[in-house]
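This report refers to the structure that appears directly beneath it.
Chain IDs A, B and C follow the sequence of writing; residue 1 opens each chain.
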């Protein structure tokens, strides 16, 4: 008895050993940078042309500057609006396609082809994709010339000069780039559901819609949580697409400026103090939002 | 019997038709841009400024040679990108599986703490620490080096989380116990038994890691300054700069096509594993 | 050894005898000079000039070359979003005594003063390199003003002048104005009020006066009476810039132009007849390199453009060569400066081969009289006389260190006003914010 226990303990030592690479890497490349980022946020530290100003300790003044600026909340709002506008169609079509692909009674042909195709946009560099959209949706670009020649609109739509269309384009690109990825992840979850459950439901005469709502969706919750959390993290990191599409300006009227674009502006002018304060703010916001999403779903599960 | 069968068949037909229509529309939305990209890569700058068409032109070789003989070391960029993305994918999947296995298979004092800790840090975007990361790399004199783009992949909470979930649903510890009784060492068990069982999940995550590393622009742009060390996205950004001497959109499209093509090849090779891996995940329940 | 020989040879070929002396003073040091010539720039232009016109330059590959035994290494950083300047800002203050120092870097007028007038000295005085005032006597005054520091010392040189003209579509001029003769067309665009009246006429015939509001920006901005940033570091908007905003808003509201970015696809549509654009504002390089002269069907290809002075004089572009403080190749850098910016023979070659407007008064004035210099793009018109006149009039006394950033952000912010997404006050406010994000030391 005693002997057996000690052997288990001996095995369990391996738990620590297997954790070492992760922990060491994390410590060096993420924890130390995180600490220095926080540290930087308390200093005045920027470059004025060829001169270096600081670092001078100034306490919470960087935070006061950041929070005293109403624009911060505007950029936060922009980020969330564009994320949600892309995420809703993303999750809708992913669930729909996932359900169809896994529905054995539908017997969709060419599944591998469809899956390969819908995942493809996820491969293209976001910057390259944004660049492409910038050309396509120009005032006299191909989309406008198509729309006018078909008589749908009389004058070209200035996609990037109007808040709605500019945000819409960003959201649409996020949707196109990510719904294939989400579909694959959700399918992994759907196929993990015991097939006997579906068979039993069919025997009981349940319709496909009923099966989806009563069996698939509830059992899918863990994967949905995963999808939502990662998408939220990705959404808050939104940078490449609006940056390239608007040439870094976040226009019209800075309504497509995201938090990371704002951070990038400070990083670019080497204003490490303000960039540090902004990073800490982002860190906190990311944490809170993730916690909320996590809590809501955990409660429902109970 | 026949009659009861007929009703659902009709509705299945209708649903199947709807499914195909939706799939065709979505596929169009996915492929249209790629088609334009490749068509435009075959057109000269003059043709491109004249307007848009879906008919390929004949200037592909010119754009290609313009790109290869231009000032941007695109072939170096390709090699750098392959090295970074490939190494990152291997390190990331191997060590994430190892970390997930540590939490999954062993019972140690700090296990719960570590698990919660990793879940907590999973939420931290890389950009948030980019400031400190950059300062660290400067202090370590690792600027213009690919190492800071590769090594951090070892600690990838998101991949870890996926691996852990996959293990929860598929990896039975009885196999491990059996191997232990046969006298295999823990490290050997991990490499010879656990890793092969995790192959489907590893394939999926290898692709995700490869792609995100391949497309990464934010961090490489901060670290790589010498042309020969730059990865493709950094070079793409350079080609795009509004500058009249480089203002050849044909070459720009060519460059974009050039940088996404390798990913598509890698993906087409591995997509079999993704689909199979997804299917396997279901069977193993 | 080989290099020493080379530089002596080059000196011997100099026009004036005194120059050769200046060169030989350095020749003794040449042996001790660095094996690598590091050049920082933002595009290919200077490289192609050096490759084609500097005696003894051999191209190795796209980013490497050789001059005698010296290896030439090009580092190209695009100027977008301040990237080129940020790069220089980190390297230059630590350049002196560095292991592999930058020897030569290029600057544009928009931010030249930052490196010329800096507290920490980052550029060598041209006089210290051995170039005398006599040698530089043929250069246009404005090209010297741009790179003269507060003490009156010259710290850079340029091989080109970039005076600009109004380049009009002859077809449109004939159709709407009834003439395509440069002198007569000039009457329709002689000042901004007349220009705006002409714009309304052009609109009726379906032409945009200019492709975008950003086309006219430089013309207004080069004729300001105050600086973007005053001596106390406060951001300031000049009355002429405000006039640009008012005039442009009127043009946009009347549908007589657009708010597209320069260099965008939409901007260069007017290079083709279907683009229906009356005029562009630009210097020689725009005419020769950017207007798609090689492309069949473009207006330039058919020689369909004409050039006249336009409402106000302006310049666009221009590249200055600076020697970095701490260079270990002063002789070679000095010689590059000398050959490209004072050697009349080489400079004439540049005009012939590359259609640059070079920084050499006698050479350009002679060319202006010579019909063989007529521009095919302009339907055989020789605009060099107009350019020469323009060059004399350029006044750059209101440059500040921050012009590039201010210009970029002002155009970005005003686009919102022109497009109707913001009021003028809001747009100005956004401009202030954006500038302070870029230059935290400024106030408004």
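One rule holds for everything that comes next: contacts are C-beta pairs under 8 Å (C-beta built on N, C-alpha and C of every residue); 3 or more make two chains touch, one makes a residue touch a chain.
The structure displayed is predicted, hence computed values, not measured ones.
The chain with its C-alpha centre at the largest distance from the centre of chain A is C. Ranked by C-beta contact pairs, the top interface belongs to chains A-B. The centroid of the Cα atoms in chain B and the matching centroid in chain C are 42 Å apart. Separating the CA-averaged centres of chain A and chain B is a span of 15 Å. Counting partners per residue, chain C has 261, 265, 269 as the residues that reach two or more other chains.
In chain B, 237, 249 are the positions where the chain touches two or more neighbouring chains simultaneously. Contacts with at least two other chains are made by residues 135, 141 of chain A.
Those residues of chain B lying in contact with chain C across their complex are 44-46, 48-50, 69-73, 225-228, 237-238, 241-247, 249.
Interface of chain B with chain A (complex): residues 8, 12, 15-16, 19-20, 22-23, 26-27, 29-31, 33-34, 36-37, 51-52, 95-96, 98-99, 101-103, 105-108, 110-111, 114, 118, 120-133, 135-136, 148, 151-152, 154-155, 158, 160-162, 165, 169, 180, 186-187, 190, 204, 208, 211, 214-215, 217-218, 222, 232-233, 236-237, 240, 249, 252, 256, 259-260, 263-264, 267-268, 271, 274-275, 277-279, 281-282, 285. Considering their complex, residues 8, 11-19, 21-23, 25-26, 28-30, 32-37, 39-40, 93, 96-97, 100, 105-108, 111-112, 114-129, 131-133, 135-136, 141-142, 145, 176, 179-181, 184, 187-188, 190-195, 208, 222-223, 226, 229-230, 233, 236-237, 239-240, 260, 263-264, 267, 272, 275-276, 279, 282-283, 286-287, 290 of chain A touch chain B. Of all residues in chain C, those touching chain A in their complex are 81-82, 86, 89, 92-93, 114-115, 118-120, 122, 258-261, 264-266, 269, 401, 412, 415-416, 419, 421-422, 426, 430, 433-434, 437-441.
Partner chain B is touched in their complex by these residues of chain C: 42-45, 47-48, 62-63, 74-80, 87, 261-263, 265, 268-269, 271-272, 274, 285-286, 289-290, 292, 294-298.
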